[in-house]
């Protein structure tokens, strides 16, 4: 049995004006377990807190109930008071007789009666309270960044600059991501490579950063502060630490007809290749599907020309296991496939291209060395049609495309249109749009310049179909404002394809037990207040893996994610919330219901040997809650059919006791 | 009127982050609602076990209302989505057993919706008052 | 009525025992009166050939026994599974309740099981023998001649609205595979839904008032596999042993139905074993029907590892207040 | 603008189309092969139904210019299905008039050797009472 | 012996009901017989017997024993026992009549259970002879004559008439209440019916079952019998057998906190349950085998040991028809008794 003290606060006249505080204190004195009951003008004042501290000492109280304002206001205060007096802070319960009683009721007898009932409920609860101690877990002071695009690069740099080691895992042979493929960036039109490559070099040279390129994460175990991650480093058949990136091997390689993924297949590369001049790490990679030596042992030219002796045809995939305190997901995006959009003839004509392909076509390092030429015949196009919202903003049941707005297309299309008109004033540029969305700093000004200064034809309406005919593309579209159907003979059609999360994100989310929305974007812990944290503690989000984003937004989110990681890694120990779920192993069936509703992946299962009631032993699967990960929502307690799962601080027995006390 | 003589007893389960704060805001703004409403604080609406609801009715409650964050705003990201399914199913079952469906309710009240909290409670108390005493889920032993 | 014969099952069991695939056989054991069949674990061929039975009264669903037996028996257990049993089998695997490796499941077709009460309603009491062939031949001590009954006329209630003749799990199938059926199993629920609340209340008050809390429904239920049931656990806050009044009758059955909601495969064992003939399956089916209608078709146990509606959600789910509107507009 | 909500409800119900899903991209009109024949174009159709502006549609020959090729349905990013609306308005016309739009004696004038029999039969089914 | 025509049966019930409530087996909504308080229109069921035994009348499933009222920190104890009124249970079969004797030996021996005693004292049992026993019947095994049921009044029902014979003083009171509706009768028809029924009883499948192997003093012989494991193998551990059994008399005493006080009540318990007689140290019968064994050993060995050889079973057959897995006392007797013979 507890020894409970009850402290009724007047809150000046805030409570005492509508509630007879003496009567409340007197009535609650009679409740089971109550050994002391008093009232005072301001319990939260120093004098009031002293009354509590003295009573705890004098009456050897094991629990206290403060009838006062909302626990959201002073629960922390009174917990500290209790702790100062040597009482476990979780032995404190608050009966909210101000916000939920004196302030909403006018009649003194009614208010008093309700205050007594609320007090009884708190007493009933505290009778079943148990001292709680927050759990502690150590923090591994190393971060993992998954994805080496601008998001991953920025996050890694920021964390590393704060002094914590960071590893970047990138599945491609080089970091850089999508931004490395871009030509210019809106709305300032500075060159992407000029601003990105210095950062890539910074990453490469940073003593706190390791890059695992051509690698992927295959296994994640553990929890916040203590992740165990397995990384698979694909064999690139070139010793990374020996290769100097001179490129001699590349120029000698006889296999020259491998579609170049960096230029989106618009030109070819060799079987041994360096994706682009500023690649980081700048080392060659052999494509095992193209290399004759690896496929059938015939060739070996590259090994012969490599003066450094970096070529190793026998190299195997390698696994690296490392511990991390925090994980940042920066897996980025891709354009959706255009296969389902027959109307735009993407698969029929080489001259119907996506915007990213257009970027490569205008990039000085691209397949045409920056000259805008048609992919089909290398002729300069005179009429270019840009189509917006291809696959974005589609109805969910349409089964092609995405429901959301891809966010970046309006701006990059304006950029493309403007740059085209700037470089080639003889070109007619049409942009078919549904809405032009420009909410960003200098964005609308940028778009207006495209229209006003560069004479881009913006037409409200959609392209209905594109039909290749001879060397032209017959574009049929509607102009909604002039209520006409247009027929344009275009030379080039550029589709602003919707973007979607990278395909690697879904299996990664499963490994991380991080939640995703139906579009496979990672979900945030809170859409407004915790935008760069995943609900899974210790997992953070950076860049387009969380939702479509442009570069400035990505970089700012990357910085935010980094600061969250730094905040976490700066701690030596993590202190948890003690009000968490726990499972009674003797009752748990291991049925997995709780695991399925846990938003944090805090529940795992272990096979344990038990002595059964019939004196046999059996190995049973039982749930185990990770106290460092559980946030204490209680979803599992209701999903659990056997009642094995309970929540400390809000235990089933406590809530039932409150119900009973209220319904007396 | 006979009906009005019975003061109903209402148990309101409020999630700590939104609805309990919404109730506090109703207090801050001195928005009155009947004292028959007694609030129990839970971390999330998904902590509310159907057993608690039945227990309340057994012990003499005439109505039980569960308040949580608006869908999409759950502090724990998904708790209230589970609440929504569980309570939809439970309420449908109670109705199937012939128990007045108006006695149970789920309402989403954000921390900013003090006025909605008070209005909801006023409405719920009025609805339950009109139904009269809970007879179909009562335990006479508790009414002595 | 059954198309597959006892000998086919015996031969299969003998073969698997002989070749060492299994060390025990979970099957039906004959009783006193040809209809009182008991589930039994046969550990050798002699016992098997002496006591194994397969007839129109082999309704018992063995899935739940696998939890107990796989913990105890060394080696594999042969279990015979009728189509409806395979759903429970899968559901238990979904919940990790036994080790699949320890079981050799033989699917057997089922033509529906007979209800002895319905047989007695036709032939009267005092049954002295029942011969289950194409027809069910019954003799009683009160009549000289045997009465022939068409099995279809005395089907168990659950078999009248059989949901599936398809086995969703087995290592080996005897006989022919059937199909998932377009059953009328929700008709009775719909009939109740169409009643007024007062009528429904009266209906359930009458049905549940017969409950004697023998726990047969719970103890036979393949979804009720808790190590300790909340109703037997003083710490749960709802423990009780007897239906002291109508509240506790309702409490037990509502909570039980809620706990198995999304996990119940609608095998019908609860109603089969209820000594008081309470149509308990109508509670479980209500949940199934509601979940199907609100959250999309879901059949517990149709596949291992599936996620039940109550441990799942979408952001577009209907509101608790709308479950009623849904029905009002449907009507 | 005339607002005929009864008719609007009927058309929405008959077609099963929710015109509010339209985001006014005009792809239906962009894709329509009969665009130039029409007084009201597919996207206007959707818009007018949404606004309850049905009367002009009932009277418009545009109704019968739609080939029911379903290109608009196929291409609409929002699954609005304009062709179904057109069909529903056609039905509304038939229902409203309550009179024969096609009589046997008219057939000779319309039909020629190349007119398929099936067309006549289905035309009768649709346009006569 | 008195008799009356079956047409007058309702009048007989009405006449009794004027003096005291009368309960009789009537068909419930599920078509099964259930003891029902007679009121206009309640008809005697044709069923052989009820699903629930009539032990409820004397030993109800739940019964409040006392109440504690709490006020602040004071507790008041309230005696809830009240004076019972007389009542009639009509149509009790011979097996169930015998079950009362078995219960009496438990509840009425010192210390007397006042709750049971008070009900028992006020109950008048009108027993009804069987004419169409079921294959599950084996009352003969325990020496019960289904054609000559005991009770305060014995009754026989033929196609047209019903015969009554008082056996006790309470029975005489019942006879008096219906005197005006009955007339004197000879025993010829009753004897004929008995003869016919006895022939049928001999034909019952379980007619040969006997108790020779069992009785007091056999604990060591049967306790470690190897067959218990096999017999209990499939037992679900539910309480169906116990709760439909007319002689099972175990109960649990529990407290129910009403919020304003505590109701101390008892309710049926079953030795098949894992928490049966659970004590501070835990359970004394940990496996289902032990619990299963307890139930049958009690009926076949322990009870007769303490009660002059009377067995704790009356052969009503309820458990035979209601056990979800069809395991029952007959199978146990045959398996265990048969082998040791």
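For reference, chains read A, B, C, D and E in written order, and residue numbers begin at 1 within each chain.
The rule is simple: a residue touches a chain if its C-beta (ideal position, glycine included) is under 8 Å from a C-beta of that chain, and two chains touch if they have at least 3 such contacts.
What you are looking at is a predicted structure, and each value in this text was computed from that prediction instead of being measured.
Least step count on the touch graph, subunit A to subunit C: 1. Common neighbours of subunit A and subunit D: there are none. Counted as hops between touching chains, the shortest connection from subunit A to subunit E is 1.
Chain centres here are Cα averages; for subunit B and subunit D they lie 50 Å apart.
Between subunit C and subunit E, the centres computed from C-alpha atoms are 30 Å apart.
Put simply, the C-alpha centre of subunit B and that of subunit C have 36 angstrom between them. Between the Cα centres of subunit B and subunit E there is a gap of 46 Å. Counting partners per residue, subunit C has 230, 236-237, 244, 310-312, 314 as the residues that reach two or more other chains. Residues of subunit E found to touch two or more other chains are 256, 259-260, 274.
Working note: touching chain pairs come out as A-B, A-C, A-D, A-E, B-C, B-E, C-E. Residues 9, 11, 16, 20-21, 23-28, 30-33, 35, 38-44, 46-52, 55-56, 59-61, 72-73, 75-79, 82, 86, 118, 142 of subunit B are the ones that touch subunit A when the two sit in their complex. Here subunit E touches subunit A in the complex through residues 72-73, 257, 259-260, 274, 283, 286-289, going by the rule given at the top. Subunit A meets subunit C in the complex at residues 518, 586-593, 596-597, 605, 616, 618-621, 639, 641-644, 652-653, 656.
Of all residues in subunit E, those touching subunit B in their complex are 256, 258-261, 263. Residues of subunit C touching subunit E in their complex: 31-33, 36-41, 60, 65, 116, 124-128, 140-142, 206-207, 210, 212-216, 218-220, 232, 240-244, 269, 272-273, 275-277.
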